[in-house]
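Lettered A, B, C, D, E and F in written order, each chain numbered from 1.
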Amino acid sequence: MAVAVYPGTFDPITNGHLDLIKRSLRMFDRLIVAIFDNPMKGPLFTVEERRRLVEEATRGLPNLEIDTFNTLLVLYAKQRNADVIIRGLRAIADFEYEFQMTLMNRRLDENIQTVFLMPREEYTYVSSRLIKEVAAYGGDVERLVPPPVAAALKEKFRRP
Amino acid sequence: MAVAVYPGTFDPITNGHLDLIKRSLRMFDRLIVAIFDNPMKGPLFTVEERRRLVEEATRGLPNLEIDTFNTLLVLYAKQRNADVIIRGLRAIADFEYEFQMTLMNRRLDENIQTVFLMPREEYTYVSSRLIKEVAAYGGDVERLVPPPVAAALKEKFRRP
Amino acid sequence: MAVAVYPGTFDPITNGHLDLIKRSLRMFDRLIVAIFDNPMKGPLFTVEERRRLVEEATRGLPNLEIDTFNTLLVLYAKQRNADVIIRGLRAIADFEYEFQMTLMNRRLDENIQTVFLMPREEYTYVSSRLIKEVAAYGGDVERLVPPPVAAALKEKFRRP
Amino acid sequence: MAVAVYPGTFDPITNGHLDLIKRSLRMFDRLIVAIFDNPMKGPLFTVEERRRLVEEATRGLPNLEIDTFNTLLVLYAKQRNADVIIRGLRAIADFEYEFQMTLMNRRLDENIQTVFLMPREEYTYVSSRLIKEVAAYGGDVERLVPPPVAAALKEKFRRP
Amino acid sequence: MAVAVYPGTFDPITNGHLDLIKRSLRMFDRLIVAIFDNPMKGPLFTVEERRRLVEEATRGLPNLEIDTFNTLLVLYAKQRNADVIIRGLRAIADFEYEFQMTLMNRRLDENIQTVFLMPREEYTYVSSRLIKEVAAYGGDVERLVPPPVAAALKEKFRRP
Amino acid sequence: MAVAVYPGTFDPITNGHLDLIKRSLRMFDRLIVAIFDNPMKGPLFTVEERRRLVEEATRGLPNLEIDTFNTLLVLYAKQRNADVIIRGLRAIADFEYEFQMTLMNRRLDENIQTVFLMPREEYTYVSSRLIKEVAAYGGDVERLVPPPVAAALKEKFRRP
């Protein structure tokens, strides 16, 4: 029974993330969405807010667990007895960074495999960073994020 | 129970291929190594030779089937009731071609997922093409291919 | 009044090409779709067939001319008094080749500008080569090419 | 009559930017150089200084307007009734970011086209960032920027 | 007699750096390892600590000098009468940045050549940044850095 | 005393090649320009013609030897007691292929170093292939190749 971890900052979760979560659930027996709780990165949403948005966006999906972690990914994966780490690939820049991380992670634990998935082409340009940038200026991101995220972004960037 | 297909020309199978086969077997319940039988590509080894070399190199690995196909990959995967297509990623050039193929394959059959794996770093430079080039000039490829492949290459390129 | 040339092999024209033609017509006063007639490249369709398919696919579009050429692109553009050469960019590999060609073309004629456009994301993976490969195996390409092209591909690859 | 916007931080304007401005003026009826006024990015020159340097560098060029903006580019382009957004491409890293931005911008406003131009090869390595770095250490940048910019950089980095 | 400079932040020196130092010593008559002393970059180790770690890691290597600099690299190389600047290439992202720097450096001093070397494949993923990240979380980096660096990292990140 | 080999097809030698030859001569004590004599690749010029063009283009340069080879590069380099293999890097595609070749060559002979040089930016787009393509259509390549090569190309492509 293969257990997979899908790690990320999820600040906030996008339709691209959701697409990869659904694809992963077709392949693996159990999936842990693991939100990286890194206080240094200065996220827009707190880890609690990010967790709540992931929960609302994935409601009803079976075999899914949502968790947070604040250590090396590969140590976390080992603790959780995961066999597989899932990463999304959108661009060449992703590819290079992911390649280095994969090789480093293997050295730290040879038993955990990293697999890469590609999101639907319409989500190729949907990064959390770009969505926050557009939302900050009042641009419409409704078809790019789950409804509770669209609402939360509107709330965050509401002009007083 | 997830079934995966690992397609390729395998002309001939290398240690890089073998590394990905072993990684896949840790994640999926059954793996089909599917040798593409394309008469137009002018392979060094016939499809029967390639099949025999894959068999010898993977002897003893459980949950593994070896097959040949000569149609569109995604049609083949569907016929075999596979859930997953496995591809290796070594370089940026691979990445771009694979990205296009993945999107095309999804359009042809949305239910089959493509996952990408990275070989060990020592196999990053081990392509079948490069191995044939080195072997043709009498260079030593013994640590880069399984022993029966090393013997078969020596035989092919034996100077009369 | 800016005149633009959109050169290519168009073997055959795809929805991605058509998308760029429509984008170009919004920006330039006149557009010449210039089909490269290179007997060495071994196209699937003859230059007459390719021209007819472009004509059928672009019927009704204003300010558009269809032509063929068999010389250096930049010499052709000069003959036609074009100000602009239009090229599509889909991938990194395109980018590098196009970059070299642009610099060479400038050296040959400094007065002709090259501009790059990106197709809709759903056409990112639609290359003429890939479409021919899928059609050859009986895969469905109907939403990726204009209707007369889909019919022509079916005809070409009809099993006797 | 096609109106084009050439947006950027222009901190400061370089000969590479100037090259693209001149190329654009050959293709489009009117060009707006739009300086992004983003207080968060911590530019070396204030938006007023950057505007003055662009004005001095482009003096005498016809059909050119200089403006500043501090909203989403695509909203600004729409307000100004622009048909085209112009972007420079120098490197793969540019390409990827630009590709994502273009797809996002299209989603926000389908009617505005993005075109990419390549600077002369001698300006391939001329980025505002690199020029500031070299100038900060007293390196000579005189042939890489317009004369008023060279003077302004000398003034900024004058050792007391 | 060719003199080469190998510049870097060396924060801290890794086995990848050491591999390039040894390769360079086989090709050039004298090698200066030049540690960039940039107070703005916020290094983990002070320039004195970095220098001491380079000294300990390279003890016994002939024809080697260790120095620090805080000016433009090409000005420093000229002062030291170096003929060659050595740079490591690991990834596409490196390649692009290095390409721009090389062209800029040539403009500043045409007489100094830049050569690029590739580290052993097992060090492809060994960047100082990644090593610090892993060490900060208590991950094992002992085979990736020289022993005195492993000790210094443990000391830096010791939990009180 | 470091000996370097600069291998290539040189079909024909360009100003970009010549630029790298001159750069190499500033760094190494002796340079062997090694023309790959591969009958399968279908060159435009015979190996004798290519050798003569290299000789004419490099006349008067000291410490230079011109040779041909038809074996694995690394075996050839070893036979000639070379310490260094020199390769030009122009583009990402070059980079990836060169990276694989370098790692393979090291495995075949760990004692031979590969170094990469970048040509002047004005030669970034000057490949032998592109020059032949332009010359075949009567385009002017005079500033891109040495004078004897320009003459030889004119002769080859003379219309009867």
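Note that a contact is a pair of C-beta atoms (placed from the backbone, for glycine too) under 8 Å apart; a residue touches a chain by one contact, two chains touch by 3 or more.
As the structure is a computational prediction, the values presented were derived from the model and not from experiment.
Note on connectivity: the fewest steps through touching chains from chain B to chain E is 1. The set of chains touching chain B and also touching chain C is given as A, F.
Relative to the C-alpha centre of chain F, the farthest chain centre belongs to A.
Superposing chain A on chain F by their CA atoms means rotating through 180 degrees, a value rounded to the nearest 5. Centroid distances from chain C, each centroid being the mean of CA atoms, peak for E. One inter-chain figure worth recording: chain C and chain D are separated by 30 Å, centre to centre, where each centre is the mean of the chain's CA atoms. Spacing of chain B relative to chain F, judged by their CA centroids, is 34 angstrom.
Between the Cα centres of chain B and chain D there is a gap of 47 Å.
In chain C, the residues that touch at least two other chains are 92-93, 99, 103, 121, 124-125. According to the touch criterion at the top of this document, the contacting chain pairs are A-B, A-C, A-D, A-E, B-C, B-E, B-F, C-D, C-F, D-E, D-F, E-F. On chain B, the positions that touch chain F within their shared complex are 91-93, 124-125, 127, 130, 134, 137-140, 143-144.
Put simply, chain B touches chain C in their complex at residues 71-72, 74-75, 92-93, 96, 99-101, 103-104, 107-108. Chain A meets chain C in the complex at residues 92, 121-122, 124-125.
Considering their complex, residues 2, 23, 26-28, 83-84, 89, 92, 95, 99, 102-103, 106, 111, 113-118, 120-121 of chain D touch chain C.
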